[in-house]
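Have a look at this one.
The chains carry the letters A, B, C, D, E and F, assigned in the order they are written, with residues numbered from 1 in each.
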Amino acid sequence: MIKRELDEKLIQQLKEKMDEGLLPQWVITDPDIYELEKEKVFSKTWQFLAHETELKEPGNYVTRWMVNDPILLVKDSKGEIKAYLNSCTHRGTQLCTADRGKKKTFSCPYHGWSYNLDGKLIGIVAGNKVYGEEMCKDKWGLRKVPRLESYQGMIFGCLDPEAESLEDYLGEMKWYFDMMLGRSDGGMEVIGLPQRWVAKANWKSTAENFAADPYHVQTTHRSTVEMGISPEDPLYAGYGHQVVMKNAHGINVITSKTGRSRTEFQGMPKEMWPMFQRNLSPEQADILERVTVFVGGVYPNLSFVSPVHGTEGHLHNYLNFRVWRPLGPDKVEVWCWFMIDKAAPEEYKADAYRGYLGSFGPTGTLEQDDTETWARIVEVSGASMMRDKELNYNNLSNYLMGFSHVKQDESFPGPGVAYPTTYCDALARRMHEHWLELLTVETSVKEETK
Amino acid sequence: MIKRELDEKLIQQLKEKMDEGLLPQWVITDPDIYELEKEKVFSKTWQFLAHETELKEPGNYVTRWMVNDPILLVKDSKGEIKAYLNSCTHRGTQLCTADRGKKKTFSCPYHGWSYNLDGKLIGIVAGNKVYGEEMCKDKWGLRKVPRLESYQGMIFGCLDPEAESLEDYLGEMKWYFDMMLGRSDGGMEVIGLPQRWVAKANWKSTAENFAADPYHVQTTHRSTVEMGISPEDPLYAGYGHQVVMKNAHGINVITSKTGRSRTEFQGMPKEMWPMFQRNLSPEQADILERVTVFVGGVYPNLSFVSPVHGTEGHLHNYLNFRVWRPLGPDKVEVWCWFMIDKAAPEEYKADAYRGYLGSFGPTGTLEQDDTETWARIVEVSGASMMRDKELNYNNLSNYLMGFSHVKQDESFPGPGVAYPTTYCDALARRMHEHWLELLTVETSVKEETK
Amino acid sequence: MIKRELDEKLIQQLKEKMDEGLLPQWVITDPDIYELEKEKVFSKTWQFLAHETELKEPGNYVTRWMVNDPILLVKDSKGEIKAYLNSCTHRGTQLCTADRGKKKTFSCPYHGWSYNLDGKLIGIVAGNKVYGEEMCKDKWGLRKVPRLESYQGMIFGCLDPEAESLEDYLGEMKWYFDMMLGRSDGGMEVIGLPQRWVAKANWKSTAENFAADPYHVQTTHRSTVEMGISPEDPLYAGYGHQVVMKNAHGINVITSKTGRSRTEFQGMPKEMWPMFQRNLSPEQADILERVTVFVGGVYPNLSFVSPVHGTEGHLHNYLNFRVWRPLGPDKVEVWCWFMIDKAAPEEYKADAYRGYLGSFGPTGTLEQDDTETWARIVEVSGASMMRDKELNYNNLSNYLMGFSHVKQDESFPGPGVAYPTTYCDALARRMHEHWLELLTVETSVKEETK
Amino acid sequence: MSNEVKAHVSLEVKDQITNLLYQEAYFLDNRMYKEWLELLTDDIKYKMPLRETVEGVNIDNISVDSAFYEETKASLRTRVNRLYTKSAWVENPATRQRHFITNVVVEAGDHEDEYKVRSYFLYKRSRGSTTDLEEMFGQRNDVVRNVDGEWKVCSRTIIPDQAVITTMNMSMFL
Amino acid sequence: MSNEVKAHVSLEVKDQITNLLYQEAYFLDNRMYKEWLELLTDDIKYKMPLRETVEGVNIDNISVDSAFYEETKASLRTRVNRLYTKSAWVENPATRQRHFITNVVVEAGDHEDEYKVRSYFLYKRSRGSTTDLEEMFGQRNDVVRNVDGEWKVCSRTIIPDQAVITTMNMSMFL
Amino acid sequence: MSNEVKAHVSLEVKDQITNLLYQEAYFLDNRMYKEWLELLTDDIKYKMPLRETVEGVNIDNISVDSAFYEETKASLRTRVNRLYTKSAWVENPATRQRHFITNVVVEAGDHEDEYKVRSYFLYKRSRGSTTDLEEMFGQRNDVVRNVDGEWKVCSRTIIPDQAVITTMNMSMFL
């Protein structure tokens, strides 16, 4: 009932500054902005829910969240995956609080209404005796998530029935998903449950940090340099390409000074290489052969990294997907999935998993230092000198890296606009511009609640 | 200074849906709605403060809360009960932080101003020396709660000086209070302090759950069925009458399939039955003889239950009153009183108290399962699909039980509109309609702060 | 984006009531008022940051806060003290999280940008390789706190570039600072770090309690009377003068019934007295000789006390400065500094420090009881009867002490308006009037964000 | 309990009794409620009074006329059995509970096979995917008895340190 | 304290010293401050330094120039006596306090009747009807001495784990 | 661990093993990570599985296919060495950590020089000048071994009590 909106003046100011490669700092954790984001970003865009391998058999289910919407994701009797609001239609009670499981019927602990895997309301205690004809069972099935689509086994949901299709939304990113997720026969599989923890951070910062900021590696993760794991050359994470795509998706293809990783195909077992070549286009295979790290994101809050860890002879590669679920302007619940090629040897999978635990996720030594910088951003973001909307204090974040002099590399074979270095703020700028576009779209909802 | 109000469009929408037996879910924990409720519901209606037996002698006091207003309830030298804002008039300091006690003077720890049981400011340290004539002591006594009235020993307060009298406010409920509270010579007495704990819940849900929803018993409390304590028949809590009264008060008179409880007079000692008959009208006595459970509420946030527990030969009945004190949109401080007939044998009282602890209150096995469902409602209530004010997601709670086909039972002897079953949403609908009426009354306060 | 402002009607009401010596209670912890205070009080006034003795050598730094603005205070190579927003200009990361230390360069853990003591951006990792000419290093130095000035070693900062100079702001208070801080050769020194803890309180209440309310001593600190440490005479803290100054600063010069303390020069070592007389004007020396306690404050949130503790033969005096840093409407982070004359004997300093620990700060027995009253004010401040803006409930705090009958004592030698008693609400009234003046100044910022 | 620490309880006995308290906690924290019940004598007195806020110095603030628990072995068994049904929703899905038992002091009791035991408890609970951790803490005054070589609790009084309980319910045993 | 755990402290002594710490906690948690005072020697050194946030590796972050407590038996007695007056508002109505003492390690001291004792404390407090629970935690380095057969604390250094204290005051002893 | 408390572990052994756990905590809480590492055998199995929310009665809710830690001595050494670099920002400035170890139960192990040890942990952390205190808690199932007269941990399984971790990271060892 309180009206929240960006007034024209602020919109203009934000546009102008972004055009100069600058972002006013007051937007990061502004509470009103956060309310707008829930409505205009997260209720309109596609969000990652799960990977198909998390739901192997009919009756399998997992519970997930789209920001504050509890989602029940089930594989129905026909083997199709369905997504429902995890809330009983009778009075809204959360229907299932388990993380995962297998069942045929979901029944509510409050009054016992029960639903089958198709979301149909199949049981009302004493229904025939207590309800009249105005109670039309068919109208009271579980509420479907308006849109549910998947690509390369990645299941996404969207709360906007009018949204473009997932494939259109992913657009150019599909080519890179094919490369990362489609390289092996049988594709990728998720191992176990995603790790979950609550970081002190704003979702925009974590998404930018992961998808668009290889430049931070040389300092945030300098301990790996001190320990002789990473090269001294401060540019080491900058070699390769940053690719900016439609809808503010992006990827960094990090190679090395030589343009090639010290190991082919990210250190995956030699016997798998021919399979990669068979499943990929020559261009994709070539990139995969040369790359050291893939790191990027699907806007707004899905990020991924596919690194190489270990020492010669014991190199491991894996794919880590993570969702930044906002819990507030300064809180993010991180969901961290470990994925590996189904076709990889079991022992390799186990080693890769241990390698993952050492680097990413809450116990990962790389991620630990990221959490410190995320926190240091939100913990000072209440400062008047940063919140000031008149910008009297030069409270602007700097996105000038590669602003004017870094030009597109037309020779890069993949789709999207590729720049010949990953030390580049092009993707970050695109993400924030897109954010502003979404925030300033007038929605009918907005209109009417005024 | 921020203006909060329901715009016409939302009011219309709420009215229309309620007319169809539906309630938009966004209202449950909406923070702006909550602010309105504090102003338009809880500052206008009568709220339960204490029972007369909690203040036996002059000087006895208890401290209570009306939502956020700290109340000091004392028995003055004349034996009259007075209610004051528990706040020193000098600078607002909380005057007394003890739960209960006995004293003649309340003095403030900040500057030492002291007040007598009549709320008169009787002591100002060095007053004559430091204050001039503009300091008129009489004007600075403790602030009285604008209205304080009691019925059948139940003391209520109201913050609105213009409110109708408590007896008018209770209206038809008086007849049932007479039955429950007036059946024994000397009336009822409170044992000990009320139990207090903070539940994860919205006050509207707990009030509805208790006063208007016997239908939940068959599932929420199914463990009693599994244990053979309650009958298998899912309708078992539905036999009897639900009575809807003025001001959205209501009661459920639950009997059994036979129309009679398995035990007369709720298993109270036989020797007390003639006393009941003497103190009650024939109609009241008849109901009391046949009833298994009374459960209901006085709008907005007082609920009560009078059950029978135990096994043949060791049956116990008692009366449990509880106040749902809102601490926020998703938090309720529950105050739980145990009451029993003063005239009952001491040993019976002790047994009944133990029976109460086993069933209700924070350690009660029945109530424990209620707290889980209350929490499951608020924990998902932030969902966009539930908060959406355009109702694009069918985010409506269902109150269709008995909507069209259950007709009033004219033969029921008690006042109010009685329906011939307690599996009926009539009372819940009435409570929510009344809630909207209160929220949409234009108050002068509202006007002027615009 | 949500507009917060006091409407005309409320401003009028506040003015009227204050003119009668009354303050509506709803303003104490109103959340909208709090937002206004951050913008209109704390972004416009001078706030205490540190004492010069906390930064002895070039490279020494301390980190402080101006409400929510993190401040990095350093002594540069030339020995000048500089204050910066403790936030990296690149993306806003908090630059330094240590409490104090010594360094030549501050470098950011996120991307490694580094700054020298002059705030100059001196290091950008791979800068020349990754940034174009639009990246003008000189424009990206640390953001200076707009104003930084000091008086008698007391360093203050102000976020408003247009603010009057610190000396003008302190005005008449300088005379008293000279007396307290300038009495000894070499001035005062801070011992150790300030103690910090989070009290349940509103900053207006703590500032008033300390600077303007000797009247509370007789009750809040009555335990000292019970223990025979303080006199029985309830007026004991009232003897002396309360001085009200420009900008709502003020001081209470508490002597005793005789007009003189039981000990000269606050029990400082006899050998120091001639030094005091040499450094002070005759008027100042006379006050210092006779005073028992100085207690007062610099608006808005700096308070100080200079008491005498101990028993004859072992008397100690010290100077305690404290900042009330608001963390919310009902939370204050207290920063408590111990100061003593540099020229005092080391053993005396140590004894005085122990005396301080026994009286003030979180472990001080006097302060402990203050924290209880502060909490009792905010804990009930949510009451509708206190929040009511229509004043239906006489929800007014009383500032009538000395309202009409206490007249200025022209004979008092110090600047400011002196009243012949410290049991007087003159200073408290002035503080609240000044608060309203600040809140109702229309700022351009306000205008434009509407 | 008396103030000076009596020395005449052997370390072995003390160790065994401390183990009993830890074993209890382990059973409760691992949902082995029936096993827990076996550690209580059949005449167990299991009480938990309210704690109140009272004015004055040297006063008692343990309520004498109101309680959260006043249980016998029979009533505890009913509570325990309920937790094995399929519809005790408060514990299905099960919460994750932890009973930290510290400050254990053992003293000779009134009968030669009984000992008075004072312990402090810090109870923590995590539920579903919620991120707010619930807690309760206080003191327990027990009497333990040696029944045919097995130590069992024959009396327990649980003293909470709060006047207003902040766990969403009190489904836990302490 | 040295790193290898010395074995030469008898279990009896250890048991008695642990009991001393528990008894102390019990007195404090039950407002028996005068009894508590009796468990301290007359030459007790009772200190609590500030803890700071310091940059660097292998640095010390215990402040050497600032403190919360620097007490003698005399100054502690004054504090204790105050708590028995009618107007020590911070403890009247009394708060509900709990001192959880864990990780107790005992080592031979510098004198043959003295022992070095390291313990961890978790302090919890509940006040009036408020629902926010206060806490403080850290380490205590004590020296205890046997005085005519009674164990007493003759030196205590309390190391808090916070740079900013979050209890509304520090009226508690630790 | 089995339910009846086995008596055949000598108090001395129990005391030494308990000391080992306390010494570990002390090293971790005082940033002596290298000294801590010395208390683990070279074949240490250091695991921390996820804990999940599962429907049903008598079910297990310790995840068998997902973990936070799956470490060897080598991987732990890498983690420890990192904490001695100048750029392990998460611990520089160092946080203030505290490991409260309680409910220690010791039982004979599968080999004669090994013992099974169950303990509860309550971990607390304070960072910089922040006022929100982080915590984690749960159970540890260890196996300790006597290696040439020194007790060392040769196996540790840490069971957290949360499905969603609420510390901003898990840089701590448990």
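Operating definition for what follows: a residue touches a chain if its C-beta (ideal position, glycine included) is under 8 Å from a C-beta of that chain, and two chains touch if they have at least 3 such contacts.
Molecules present, by chain and UniProt name: D, E, F = 3-phenylpropionate/cinnamic acid dioxygenase subunit beta.
What you are looking at is a predicted structure, and each value in this text was computed from that prediction instead of being measured.
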*Would you pick out the chains that touch chain C and also touch chain F?*
A, E
*Just tell me the minimum hop count from chain D to chain E, counting one hop per pair of touching chains.*
1
*More contacts between chains, B-E or A-F*: A-F
*Between chain B and chain C, what's the gap in Å when you average each chain's C-alpha atoms?*
47
_Distance between the centres, which are taken as Cα means, of chain E and chain C, whole angstrom_ = 32
*Hunt down the residues of chain A that sit against at least two other chains at once, touch-wise.*
2, 97-99, 109, 196, 198, 219-220, 222, 333, 369, 372-373, 379
*Note the residues in chain E that touch 2 or more other chains, in rising order.*
11, 53-55, 85-89, 93, 100, 102, 122, 128-131, 163-164, 166
*What are all the touching pairs of chains?*
A-B, A-C, A-D, A-F, B-C, B-D, B-E, C-E, C-F, D-E, D-F, E-F
*Okay, in this complex, where on chain A does chain B touch?*
1-2, 38-39, 42-43, 66-70, 85-87, 89-94, 97, 108-112, 125-126, 129-135, 139-140, 143, 146, 159, 161, 444-445, 448-449
*Touching chain D in the complex: which residues of chain F?*
1, 3-5, 7, 11, 14, 51, 53-59, 61, 100, 102-105, 118, 120, 122, 135, 137-139, 161-164, 166
*So in the complex, which bits of chain C are touching chain F?*
63, 97-99, 109, 196, 198, 327, 333
*Touch list for chain E against partner chain B, complex*: 87, 89, 93, 128-129, 131
*chain F contact footprint on chain A (complex, rising order)*: 96-101, 103, 191-200, 219-220, 222-223, 225-227, 333, 338, 353-354, 357-358, 361-363, 365, 367-369, 371-373, 375, 379
